[in-house]
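Okay, so chain A shows up in both of these, paired with chain B first and chain C after.
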Partner chain A sequence: MEKILEVLFSGASIGAIYALIALGFVLIFKSTGILNFAQGELCMIGAFICYQFATLLNIPYILSFLIAIALGALLGSLIDLLFFRRLVGEPIYSTIMVTVGLGSILTCFSGLIWGHDVYALRSPFMNKTVSAGGMIFSQASLYTIGISILLFALFILFFNRSLLGVALKGTAEDSDTAGLMGINVKKMHMIIWAIGSTVAVVAGVFLAEQSFVQTSMSHTGIKAMSAAILGGMESLPGAIIGGFIVGIVESFAANYLSGLEMAGFHFGDIKDVVAFAIMIIVLMIRPHGIFGKEEVKRV
Partner chain B sequence: MLKITNLETTYKDIILALKGISLEVPPAKIVTLLGANGAGKTTTINTVSGIRKTLDLTLEDGTIEFEGEIINEKEPYDVVARGILQVPEGRKVFAELTVDENIIIGSYTLTDRNKFSEGKNSVSGYFPVLKERGKQLAGYLSGGEQQMLVIARALMAEPKLIMMDEPSLGLAPLLVKEIFGIISRINSQEDVAILLVEQNANVALSIAHHGYILETGRIVMEGPSEVLREDRDIREFYLGLTEVGTKKSYREVKHYKRRKRWLS
Partner chain C sequence: MSGSYKVSYKEDMAIFQNLWVKVWLIIFIILAVFSPILLNRYQLSILNEMGIATIGALGLNLLIGYTGQLSLGHGAFLAIGAYTSALLTGKLGIPFFLSLPLSGLMASLLGLVVGIPSLRLKGLYLALGTLAFAFIVEYILFHWDLTQGDLGMAVKRIGIGDYVIRSQRQYFYLIMAFATFAVICTKNLDRSKIGRSFKAIRDRDIAAEAMGIPLAKYKVMAFGISAFYGGVAGCLMAHYNRWIVPGSFDISLSIAYIAMIIIGGLGTVLGSVLGAILITGVPHGIVYVVDLLKGDYPALSGFIIDFKLGIFGLIIVLTLLFEPKGLFGVYQRTKVYFKTWPFKY
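And then the complex of A and B:
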């Protein structure tokens, strides 16, 4: 029982990271119609920025985290300003290719700046654990889950209660009509890119906290995308729940299925396969994802 | 207030949708722009609103003047900030948002947030049904309620001029009458000018002060509503009446088609 809880917990902490990245995917996709394949790279850049300030420059962790968030938001708005402002409404395959290209450029640059090695982020939660009722949790996981849930709550409040949040939702649904309401659509797209990039940066810092800082961190992006699709590409709660599902399933697979042998076949590292298998099955039953729905249409 | 002079707009760089139209909306008056499908009515107000890029419209010539200032090249949000609100055709509510959220979006340009609840109260005065449905998704409202919602949404921004694109579209005659009654009340009570784009000439001329007839990108006739209502051609082609004033019957054996007296 304790083992199950521990596995669930570590799954939830990686799931929170997926959920954060997936949230960025969904926000950007819903508002601008762009499927951002560079989301994982943004997450990696975030981790490197935080590493630069916390480990290399010895600036207090919290401050480095805040700097990483600010620079992440700046990077997101810059990406919108330079590339995607011109590409809104263009065919989805061309925008996807631009994001893929952008992703590899970002990887290349961070490789140039920081190198391709594996680095450790200096953080107050490194290698510390909390034990409760005979179970051991890492402090980094606790912290990840706590802050993520706080962020999700803030987002839900922001999008349902604030004028800007509601305006962003409206722009996401119908940007032409939003323009007719006096909303500056370009500005909204920029804000969405900033938010989407910020959540990726936060996820990157959390991920670095639990493992290491390295350029291959960007592969988390594709898992997070499967989480977003699983939840239904258009739904914010869907992205969050999808992220947690993928993380928890992965964690269970890693603990109970990895290294399993059956009739002479060796499963090997099965955790990545299970996450995608679940996604395929869910999509076969519900092609729009768990929370996705076919459009509400009235003519 | 709004003064359009010799406006020429092309569609997809090749079709001249507006061939130099001029019209004027005086403050606090209802002006109607009548015409059949494809006459260029919606193009006219979209050109004014500035949402040309996504629709592939280009303003080639002429000026749009609002309160003495030329607003030809303004972005849509800038046009709204000046007090020109468009109520788009086909009830473009934000279907995934609740009725209340739609109304909040309408108030986006309101800089003085204290005026929000005041505006909301006055809007619920005109459309009590929206208050009851506040928490529902706008996509699930009936057609009439959606039309009321888009008008309410535009009112929230405290506009000086509302451009309404076919508010009667696809609504039952009784509902059309109700909504036009409310439009007329809004015009007199809120002191807001209305440019009413319509196909339903009968009901539009009943509340408008002045009217323009648009045919294939040209204004072919204009005048005060009373004058237009009495014009023989308009009675025949837009109101469907005969010279004696009765409804035209196609059962009569002899039926000569009258030619329009204007060139279009």
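And then the complex of A and C:
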């Protein structure tokens, strides 16, 4: 029982990260119609920026986190300005391919600047644990889950209560009509890109906290895509719940399936593929996800 | 628009549209026959890589460019082809000329399996599905005893009876023969009923269905054919490099192939060839430049892989932003310019 709770908890802490990244996917997809394959790379860049300030330049953790967030937002709006402003309404393959290309470019930059080694982020929660009821939790995980839940609540409030949030929602629903109502659609798209990459940066820093800072962190972004698919590409609560589900399933698979061997096949590192297996299953059975609306369009 | 009007259907369907095509073909054949004598081993090895890439790119272009089905998992089909042939020739002792079509068929079979969801999924969902498929294939190759994980597998030399292919020159003739054959096949596919159905599906699938094209059949077929090309390219790659590891068939390989067909020109045979030549040439160009600058900046050689990835990304992004038709579009424009010169059109 305690083992199950511990697995559940570690699953939730990685799930919170998936949920954050998936939130970024959904936000950008919903309002601009672009599926950002570079979300994982943004997440990695964010972690590296935080590492640069916190570990290399010895700036306090909170401050470097904030700097990373600000730079992430800047990067996001820059990406929108440079690439995606011209691509609104282009065929879907070209927008996807541009984000894939963008991901390669970001990886190239981080490789050139920081190299391909594995680094540790110096944070106040490193290697600290809390024990409660005979179980041991790492502080970093608790902190990740706590802050993520706070952020989700803030996002939902922001999109339902604030004027800007409602404008963003309106743009996402129908950008033409929103433009006619006097909303600056281009500016809204830029803000969405900024928010999307900010969320990615936060996820990246959390991820770095739980493991390390490295270039291959960007794979987490692709895994988080299965969370977005599971929740339905258009739904914010869906992305959050999908993220937690994927994280928890992954954690259980890693604990109970790893080390199994069948006919010469080793189930090691199974947590690298669980998310993809979920993605394929969801795409086969229910492509519109749990919360998505089914598009009735038979071809 | 280029001023070439055809008066009969037969003329439109001709594989050699005019005399110039034949002349270029003869020039190409003469070059192909004599280049192994003139070029050194390194230059030949680049040409060999380009030949293999051409086959793979043709396959991917059939899927993305002709049929409009987005796939981010072409590298997985190459991996399947490579490993199938390595296992067949290595473990079972099957000769190369049998294992080559078999590896193509194996990839094709799995391509059909991936193709089935394409009946329900479109656009980005399909891209995600193929991406997930590619990751799962990579995982299986890493974790299966049969494929020896990241230790990699040695692959036998290509041999027919007692005749074994050893030198770059022999490889060159073999690979060029296959690449030429692949181009001819694609060209024929392009002008046949199948190719036209593919294009109709790409342009508007609902209209295509209304015109009497069975969507399910052709969509799955596109996946199968594309995977077959990928499998053959992977098989040739395995026998050419004679060592395969799962890591060399990861997502970056799929991205390289997508970069090829985007820079070359989607939905054209010439574009696939041009793109394969350019994208295969770029890393060698980077190595060349780095070698030149090594004396002044010795640290540069550590960045070759990063530069390669970044330049591929940049090529994809810039082509899509500024020249969506790729090199083929540039070629067409220049051709029209010279044909109609000094008039605008």
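Quick note on the criterion: the second predicted complex is superposed on the first by the 288 of 299 C-alpha atoms of A that agree within 3 Å, B and C clash if a C-alpha of one lies under 4 Å from a C-alpha of the other, contacts with A are read in each partner's own complex, and residues count from 1 in each chain.
Here, contacts are C-beta pairs under 8 Å (C-beta built on N, C-alpha and C of every residue); 3 or more make two chains touch, one makes a residue touch a chain.
Everything numeric in this text was worked out from a predicted model, so none of it was measured.
In the superposed pair of complexes, A:Asp117 makes contact with neither chain B nor chain C. Of the two partner chains placed by the overlay, neither chain B nor chain C lies in contact with A:Glu2. Legend: residue contacts after superposition of the two complexes on their common chain; A:Gly89 is shown touching chain B, with no touch to chain C.
In the overlay built on the shared chain, the residue A:Val166 is in contact with chain B alone; chain C does not reach it.
Applying the stated contact rule after C-alpha superposition, one finds that A:Ala178 touches chain B and leaves chain C untouched. Comparing chain B with chain C, the partner in contact with more residues of chain A is C. Residues common to the contacts of chain A with chain B and with chain C across the two structures: 299.
Chain A contributes residues 35, 83, 86-87, 90, 92-94, 96-98, 100-105, 107-109, 111-112, 222, 225-226, 229, 264-269, 272-273, 276-277, 279-280, 283-284, 287, 299 to its touches with chain C in the complex. Considering their complex, residues 64, 68, 70, 72, 117, 120-125, 127-129, 131-133, 135-136, 139-140, 142-146, 205-206, 209, 215, 252, 255, 258-259, 262, 303, 305-307, 309-317, 320-321, 324 of chain C touch chain A. Here chain A touches chain B in the complex through residues 89, 163, 166-167, 169-170, 173-174, 176-185, 295-299, going by the rule given at the top. If you check the complex, the residues on chain B that touch chain A are 49, 51, 54, 75-77, 80-81, 85-86, 88, 90, 92, 94-97, 101-102, 104-109, 137, 139-140, 143, 146, 153, 157.
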